[in-house]
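One chain, chain A, links the two complexes that follow: it is found with chain B in the first and with chain C in the second.
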Partner chain A sequence: MIPKLKNERKGTLMKERVRGIFTKEWLEVHGNDVFAYSGLVLCILVFSILPPILRGINILDPAGLAFKSIVKDGVMYSILAAGAVFVYSLGAMDISVGAQISMYAILLIHTYNVGGSSIGALVGCVALIFVIAMVCGITNSVIANVLEMKPIITSLILQFLIYGIASVVINIWNPASIAITFDIGTVAMTHFAPLGNVWVQVGIMVGCLLLFTVLFNYTKIGHYVKAIGANQDCARQMGISLVKYRMLAYMIFGVAIVVASLLFVANTGTTTSNGGKGYEMKIMISLIIGGMPLSGGMKSKISSAVIGGFTYALITRSFIYIGVPDKYTTVFVALIYIVVVLLTCRSKDKVLPR
Partner chain B sequence: MKRKIKKLVAVALSVAMLAGILGGCGGGDNSAKSDDQGSGKAEVSDEAKEANGGKTWKILVLSLKQSGSLNDGFGGALDALAAELGFEYEVRYKGDDGSEMLSKVQTAIAEGFNGIILTKDEGNTNEIVSLCAENGVYVGNIWNNQGSSLNASSGGYAFLNNPYFVGGLVDCEEDMATEGAAFAKAVAEAYESLPEDKKEGSIGFVTMPPAWQPAQVSAVEEIYQSLLNDYGIPESAFATEGVEKRTEEEMVGGKTIAAGTYVWPSLDVTSKTLESKYFDNNPNMSLLISMLAYTFLNAGLDSANKLDSIHVWCTGFDNEAALVENFGSKGNQTYQGVRTAPVESVVMPVIQIIDKLNGHSYADKEEELAKYAEITDQNKYGLKDLMLKSSPTVVIINDEQMDAYLGGNVYGTGNAADSMLDVETVKQLMVTYNENATFEELVKQFSNESTVISMDKVLEMGK
Partner chain C sequence: MENEIIFEARHMHKVFGQTIALKDVDFTLKRGEIRGLVGENGSGKSTIMSIASGMQPETSGEMFYKGKPWKPDTMVTAQGQGISMILQEANTIPGVTVAQNIFAGHEERFTKFGMVNMKKMFAEAQKLLEKFGISHIKARDSIDKYNFENRKLIEIVRCVTDETEILVVDETTTALSLDGREILYKIVHRMAEEEDKAVVFISHDMDEILDQCNVLTVLRDGDIIGEISKEDMLAAKTEGTKRQEVMKRARYMMVGREIGEKYYREDYDTSHADAVALEFDDVSFGNVRGFSLKLHEGEIVGLGGLSGCGMHDVGRAAFGLEKIRQGRILRNGVEVKNPMTAIRNGIGYISKNRDTEALILQGSIGDNIALPCLDGIAKNGLIFTKDKNKLINGQIDLFSIKCRNGKQWVNTLSGGNKQKVSFAKWTAKGSEVFIMDCPTRGVDVGVKQSMYALMEEMKKEGKAILMISEELSELIGMVDRLIVMKDFEVTGELKRSQKLKQVDVIEYML
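Then we have the complex of A and B:
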């Protein structure tokens, strides 16, 4: 095509695209995304405008603890949720996340102590928990396939098993305490300290998200897990190996869990046998708020993790900054969650977009 | 149609939420005692304004409970002092675990609180104190001996000499001598009144988990020895079926427990349940001395179906119907004795924090602290003893004492006027208002040697 005509055609296409935004048809397809993004923007606006006026607290001050704690929470939820997208896209779930984080945190701290608080011990332990995470991922997926069980059941078994092991090891290594922490003092004195910096954590999150986005959108792994989640039988008949791609999905989630465990230790400096309890629910809520369909399929996207992760971090941390009494903040979070679910739930039978 | 209804419900919930937020916005106009959230914001006196350099300090108490008598009691005890000492306070639930508690501390710092009181040790006190110190916030402690944090690693004692940790009170005496003596006497008398065929295996013991309260293990052993040796109770009277003996000497909580002593049952720290096995193995048990707090004990007794057939002397008083309505001569008479630390204990670390915020500290305490500039294995227990003192012990052993405690003390009424501590007494204990105030005197007035906090005072105020 002649260059001038080519550019004119591009311009025409762009105009048509812009005209197409916010039409009824466009909203039917992208409505949930608009809602999710709008929710995050609304939260940022409300919690950045009201707290300074009402209570003199500025959550946007990068030097302030409010900003740091919200961003660190958002980073944790986003990394975990982004890894979870691979599993949730399959239409599956993994509720052993909290147990794994607890166990890996115990191993990280204990190995670091036993290794004389050296960086070699840290690196060695990261390698160890990486291997364990891969084994957990493979176990979750393979057992579910072989025994034809719902993946949530196998992850529930794994959850109990890991919490049990965590409880036993902490009792052996630290019989006089419910917790384990660093011999050298606080986490700020250890090699984990740099990971506690909020901007380092944001950098790690960006790196993880880039990796997961590439894997999810531009490789067979992403395409196939979505296909399996959309219609498993169809995927099988297309020649997609369900076992292989389920396994890969759980292993990728395992990578996210390892990274999150490192950040968890850097943020808290200590853990008990169930210190990571609750992360499986936080991931689920983050993904739902972010617009991710829990049934998986073609509409799954990594952006749900980030939007939902930061929205959830904002709403759990910030109600108190506008004066809502501490004991009622959970109620308000629950109300937001119900509103989101009511507005975004849809029938699975609806025709998927092209 | 269904989708429209869902959207309408969603909008209605959103409006309700907005209304709730607007209602709660801005921190509210809290009176000196708020039923809702346990906070106090009374008008500060001129003397306090001058003493505080024009500032009104903000103190947060992270309580064991979400609401109820305990929080109201803290509120009442602090209400009695807030206006005259120039501070506002809030009482919030500490959270279900260490991560939540750390999160609440972060939020409190962001909100501008100047001092935080911890009531439970989740094993992360070192991190909390370090975080608070970085942000110029003081930390105090009541009702826990920080055992989990101190033993969480070989560096666990580090927070004790942090300038931003003012110390505080553990949950009554570590050796539990006061309640031990009272419970032993009561149990011995109850044992003597049992029919002969009911005496064998009738006396049992339960402890707190060593990981939480190691000192209680030796305390229970001392009560057991007292019953054996001082009261002449025979060995056969004790419920020891299924109870193992120590095969070797053990150091627990800094004390040596001899080989051959019983390892009395305790709570599982992970599941936080007391198994019914002990009660099933000892069906004749009718008298139980429990160093395990009521909160954990009652559920275990209930699941073992023992509530109607046992008399209990326990720690960890709670103003709950299951205890109060079955205490002494009431109800099924399960609970015959309970030990508690008075809520007024919260004042001890609070006034130290206010002194520090005003730039004052106890000369005698600072002199002692200077000896612990470096913490070693040899001196760490001395440092712990300096910073964590025993709170006064209130033992409730009969109906009169229970009625007085619930009806006449700030714990039961939540009323500032029912606090055992008045402002003038407290001011005399603070360096801000009395340059001759000493740490020694402060510790004495918040111990069993106190002239202001005691069961006798409770009874007197209850009349």
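Then we have the complex of A and C:
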């Protein structure tokens, strides 16, 4: 009897402890996280069961193509979305991402080819696109500040401009598309090849996320961008330089875009003038699915990028593996997007910008 | 008709998360009453009336209006049925005209075949504005052209219609000038005394409550504690001793303890250090021209006048929020050009616009307190939660902020506790010069008392305070030197003295 009583007491204590953690207050603060994490777990469960039954594909097999493609997409979305968190926290948006990835991919491939596929050419080119990304970030934030425009407008202008330049450049260098030139037998010798390895990409993602998490949670930058997004008049009266921290947010996003462009080239080896098209929307959807309030402010967090990025990658890729034709995938994603928007915009924290 | 019950709430209960805002409250309002509702911040006085006027639903309980069950789903529904509420905070729609604000939700009155006859709406709105005696506001103008006070007057015009049977005035007068207040008082008395309607008057100003109301209900911690009868209220209007006695009784019921005699400073010692903490050297900005002032360490200087006289602009300029045309504002020899230089040089600013400028409402108490102090707690550029929490908890204890913990969001706090947070961020920062613009606006008597005590303590510690206020009694009670402004110019300077009376100050204000 004594051991039974002990166990009962243990069980009651455990229940009380659990109740103590999951209070109403805790749910108010972490409700969006619970929703986002549950979504990811549900997707993993559904898509680890359906593809093996319907198509005989195991998406959880690390050696399988399905696993690798999902992880690679998840890595791309997570890195980009984590960088975007800094900009979205401000209550701003940047829709020039896709154009920037297209342009950087062209520059990377062309310079690498012209430079004799040497490591020096690669390093030089990465430095070049890094500088361009910083200039784009500064341009986006400064013009929006000086002209008091909505940042989305400046990024729209930048998007058109960059797509235009990319189109001109690619037509001069190599019409229609551009690819890394290498002998098919020595593919492993290109300096991009190691970056194409799924575990290397996961390592890069972890590094980026660590850096962004430290910047967002443990430095003034993260605290200040959230404050600006929550109430810019108040932030100004707290001595926060709106121009400086907006600029820094866009520059950090620029770093994420550069890393993502490198991985993009490593994954595809080729690009067109609009190879990165659509990434701006993918980032936005990832963040919404991850529970990030797109109106910015104090509830913004990096974890939304990772959860949302992988959930989105899992959904979009897994539709193909359960036999949904590629052409219908977008429709299904749109439906999921609508459901998430309907659920989140009804919440009292106003996830979507007004 | 008089004494007929027009509104009744039975067993009204309201819960916000873990906070119980109303505890099984029974409340009755009769025709002809101007019922004052007083209580500390968070006592539930605004909550009960906001439920009655359709702003939010009750958790449990029932309401009756004109003898029938009452459950309005929106404020527009309640207003249409005769219960209107003028809110404490701004409640106008930006970016549209004054007329559109006045007739918001009632456009159908001017609509024919789906088209709104704007000409008719403007004419009607202008007629209403003139009827209320505020013809300086034009119906065709964009509402953005008008300041907070004028917007409040526009709200009054919108809320009070011929159909209004119950008017709720929720701490509105703090935003109004003397003229604005007179307009509101006339409406209130006309409704109750001539038209046999009812008014609920929520205010922290006990003098105003005693002057305007004919019956008083006191709330504490979501419960009705007591009532002061019509007879007592009438006597309090005429007899000085009775007034003091009624006031003392109401305050005791509000706080649950003796407030004590000490409220403002009791000393008349105007001494301070010789060192100048903040200097305005012939400064011109906006409409203010050639403003000069030396604020010394250990000195409290007051700025008084009618709202719109330029005193609030002086406070903003002292914190680097105004563009200076001429002259300089100096702190320790450094020119204050923007909030960053001001904060770096030990200046803290408590804006009168608490909810829009002073606080991040959608943020935690901790974030609000810690944000200006991050430079001080960062180690090698990194901010650790442990250091942040230490700073935050220290301030929560110092100001006795009523909260669960530092993670609680500011928008869930009462007005007084919000104000404590806006004070706390500058004391946490270690500011030496405090610019306080209407520091006790919308806070209850208990919080006021502790804020006055804090200011006195700050003076003793050698801190300099520039106190801007529209309440003459607190200026006279607290400052060493009072500068009076009118039409953006200094019209008088008065020294702290036992003999100084409100009429002496008003002379320079008007």
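Please note the rule applied: the second predicted complex is superposed on the first by the 301 of 354 C-alpha atoms of A that agree within 3 Å, B and C clash if a C-alpha of one lies under 4 Å from a C-alpha of the other, contacts with A are read in each partner's own complex, and residues count from 1 in each chain.
Here is the rule we use: a contact is a pair of C-beta atoms (placed from the backbone, for glycine too) under 8 Å apart; a residue touches a chain by one contact, two chains touch by 3 or more.
Computed from a predicted model, the values in this text were never measured in an experiment.
After overlaying the two complexes on the shared chain, residue contacts for A:177 are found with chain B alone; chain C is out of touch. Of the two partner chains placed around the shared chain by superposition, chain C is the only one that A:236 touches, whereas chain B remains out of contact. More residues of chain A are touched by B (comparison of chain B with chain C). Contact with chain B, but none with chain C, is seen for A:55 once the two complexes are overlaid on the shared chain. When the two structures are aligned on the shared chain, A:297 is found in touch with chain C, with no touch to chain B.
When both complexes are overlaid on chain A, the residue A:220 reaches chain C alone and has no touch with chain B. Shared contact residues of chain A, touching chain B in one structure and chain C in the other, are absent. Those residues of chain A that touch chain C in the shared complex are 24-25, 28-29, 214, 218-220, 223-224, 226-227, 230-231, 233-241, 297-299. Touching chain A in their complex are the following residues of chain C: 17-18, 319, 321, 339-340, 342-344, 349, 351, 356-364, 367, 370-372, 374-375, 378, 381-384, 404, 407, 425. By the touch criterion stated above, chain A contacts chain B in their complex at residues 50, 54-57, 64-66, 69, 113, 163, 167, 171, 174-188, 268-275, 277, 317, 319-328, 331-332, 335-336, 338-339, 342-343, 345. Those residues of chain B whose C-beta lies close enough to touch chain A in the complex are 6-7, 9-10, 13-14, 16-17, 20-21, 24-28, 36-37, 66-67, 92-93, 97-99, 102-104, 106-107, 109-112, 122-124, 126-127, 130, 135, 147-156, 158, 210-212, 214, 269-270.
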